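Have a look at the structure that comes next, please.
Chain naming follows the written order as A, B, C and D, and within any one chain the residues start at number 1.
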Amino acid sequence: MAYSKEDMARRAAAEIPAGSIVNLGIGLPTLCADYLPEGHAFLHSENGLLGMGPFPFEGEEDPQLINAGKQTVTVLPGGSTFDSAQSFAMIRGGHVDLAILGAMQVSARGDLANWAVPGGKVMGIGGAMDLASGCRRVIAVMQHATKDGEHKLVATCTYPLTAARVVSRVITELGVFDPTADGCFKVIELAPGVDRDTVAKLTGAPLV
Amino acid sequence: MAYSKEDMARRAAAEIPAGSIVNLGIGLPTLCADYLPEGHAFLHSENGLLGMGPFPFEGEEDPQLINAGKQTVTVLPGGSTFDSAQSFAMIRGGHVDLAILGAMQVSARGDLANWAVPGGKVMGIGGAMDLASGCRRVIAVMQHATKDGEHKLVATCTYPLTAARVVSRVITELGVFDPTADGCFKVIELAPGVDRDTVAKLTGAPLV
Amino acid sequence: MTGRHHHKVRDSVAAALDGLESGMTVMVGGFGLCGNAEALIRGVIDKGVKDLTLVSNNAGNLGKGLATWLRADIVKKVICSYLGTNEDLHSRMASGAITVEVTPQGTLAERMRAAGAGIPAFFTPTGVGTVVEQGKEKRTIDGREYLLEKALPADFALIRARTVDTFGNLRFYRTARNFSPIMATAARTTVVEADRLVDVGAIDPDDVHLSGLYVHRVVHVPEHEDPFEYKTSRKRPEGK
Amino acid sequence: MTGRHHHKVRDSVAAALDGLESGMTVMVGGFGLCGNAEALIRGVIDKGVKDLTLVSNNAGNLGKGLATWLRADIVKKVICSYLGTNEDLHSRMASGAITVEVTPQGTLAERMRAAGAGIPAFFTPTGVGTVVEQGKEKRTIDGREYLLEKALPADFALIRARTVDTFGNLRFYRTARNFSPIMATAARTTVVEADRLVDVGAIDPDDVHLSGLYVHRVVHVPEHEDPFEYKTSRKRPEGK
């Protein structure tokens, strides 16, 4: 009974302190917003918006009010808009408390690879490197391994890095794991019905 | 019949192109504004104002609307306010077309000294160095020599520099002079009744 | 001897683009298709220039916006942060028709801001330990590693704003702001496509997002397509 | 585990200054006496802290504003751009009671902006060939000389704004803005003295001058002295 995507989003949302500024990456991390009590945290979107609200009601979409994934969104009372230099000043300057990001690989020392596949099509960097190196805390939400069983939690990333030693916690369908300075993943919790041996086989670095 | 202060201000104002952005230094340069046709140029004040207008009418002074000399001023239609980082980004980035500044010494190569007297009280730098090195053109308005006849237009500045090789024109009560790359002051014009020999004696570098 | 801050309003897109020539570096505002200067983008194609270096976060998408420049083969190089699903860019990058320089988005923004602010280079933590390091000076300052990045200026900036006065003071709308204000500061000539054109005095000095000091030409374009890139919504609950 | 962006409104100046201790570096907004956070300035004296490093463009004038800190002998060092007629500072600088670091005004502003923006150091042309060069790296970039300047952070920023919502979004008034927004970005803790306090939603997102992301505490102070430093005026022409 591994975590579902919804479970993973809920588990990641539980990492968000009340009264914090959070940037949610494209994809699964975006779902975290559904599990936050109203007014609990303030969502930052790197294209120039703080206080991002949910998707608009049908018929109220505004093409000039979007998130970093170019989806139409809303702005909550107390929100603010700003230019891209200001937005990344917020990120790089350490004013965003937490980034919850998708990942392709995370190393046991916290290196993050989430922007390019070796030999794959270059999708670009976008805000990934700034978010990973600038936000005060970085949590990765990802599948524990590929469909073919290849490790994604690894000893050393083989994919191009986004930033080195930045991920403090990894949330996968199998549980919650913290990279450590000595190169092991510390098991924080296992999903219901998941045993440690299964996780160990699917992880490319020692568990502690 | 040397130039009066008003003549000097009028002469300096004639250097201001229509449709330009200008910063006028504290003191005599401020008087230039009185000789500009309405809407001719746009005055920048480094404390965060573009489109500065004349002093307010008596009774309409606002302590929160001041110029860089901390005098109460007004803002004209089309004016804008901004923070100090933005204001100096404008200056340093070359977006201010012209600075007209007071000077203690100007060298024949265009070095400017206008912020400190050796051994004197330290008044501070303020915006002087940013204006002198950032504005596209710098004109100095000054007395030609001290009361004791000491040179102020010199071969080499003995006062602490504000910026090197930035002054393109000097306006004094005796006339208009341009520093040159070969270290002479080029005589552009002499005030009515002023002869070249008088100027040469009161100038610390060759005239051409 | 006349400055550039009189009579900024042009009566046509063509007049507003006067002096934009082949081979130039052009910054174009917008985040994907959001906040595009649609008329100016069309105008550059109509002008017949080519070999442009385009600086834009995405260089268009879905065949729209700046993707029309790619299809018209008038771009030789793109400096951007993200290609994503922009197939027009992917295909030309693969064929070698266009050189693509990919930069972290925050570094791209800061390089423009630096160019506009007279800062020739700055240190940033972004990209340390990644491919972005290549060819750059790395330095440890107060115990942390940083890369030296250089200012990125342009010949022209083509941007759009919601409300513009005749001096070129700008107000933007929501996330259509994005890169536009900083591009305006980084370019030798900044051209603004104005949704609404108003007289000086109509915008309070404290309400100006970007001073007209950075703006050289204005053209009034009241109608825009404003295409959706990803139109997402939720159902309205009953009774709301 | 609670972030710093809930319940920012404090009911007293003393509560707003909680944690401000002797020996700290404190930035205080204002250009001379214009835009001073008057109640917070008084509150720091009342608190009884000392040995502060004060970062301010002028450190007061005419015995008012931050000159009250100088007279109360609670400042050991001042980082400023201009002393001018501030006799309280001149006398203490002469006696050695206070160390004064004088910085070009634009460099002072940019160093704060850099601290807030995660830029540890940047190159600037200002000060090249002057005493400001001393002890700094000088480098030629694209044929021009520049100095390397470092970011300037602070423990606290004490600023004032005209309109503030309960999340700490700020609007400033005219030239009272000056250094306040960038100081807010450069400090670990930013305290805002609000002329007017409003609910969230009262300020449109596009009208926010500085996002509440940079603000940690707000105290409502409706009354201010707002002294004139140099009250200049002209006569109203007859009939106007």
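Just so it is clear, a contact is a pair of C-beta atoms (placed from the backbone, for glycine too) under 8 Å apart; a residue touches a chain by one contact, two chains touch by 3 or more.
This structure is a prediction, so every number in the text was calculated from the model and none was measured.
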Common touching chains of subunit C and subunit B: D
For subunit A paired with subunit C, centre-to-centre distance based on mean C-alpha positions, whole Å: 28
Whole-Å gap separating subunit A and subunit B, where each centre is the average of the chain's CA atoms: 54
Gap in Å, rounded to a whole number, between the CA centres of subunit D and subunit C: 32
Contacts with 2+ other chains: residues of subunit D: 110, 113, 117-119, 124-125, 172-174, 205-206
For subunit B, residues that touch 2 or more chains besides their own: 49, 75, 81-82, 88-89, 91-92, 134
Chain contact graph, described as a line, ring, star, complete graph or other shape: other
Those chain pairs that satisfy the touch definition: A-C, A-D, B-C, B-D, C-D
Residues on subunit A engaged by subunit D in the complex (per definition of touch): 17-21, 41-42, 44, 49-51, 75, 77-82, 86, 88-97, 134
Subunit C to subunit B touching residues, read off their complex: 1-7, 113, 115-119, 165-167, 169, 185, 199-201, 205-206, 208, 211-214
For the subunit A and subunit C complex, residues of the former touching the latter: 45-49, 54-66, 69-73, 75, 81-85, 87-89, 91-92, 111, 121-130, 133-134, 160-164
Subunit D-touching residues of subunit C, taken from the complex the two chains share: 110, 114, 117-125, 141-142, 144, 146, 150, 171-174, 205-207, 209
Interface residues, subunit C side, partner subunit A - complex: 31-35, 57, 61, 80-84, 90, 93, 100, 102-110, 112-113, 124-132, 172-182, 226-236, 240
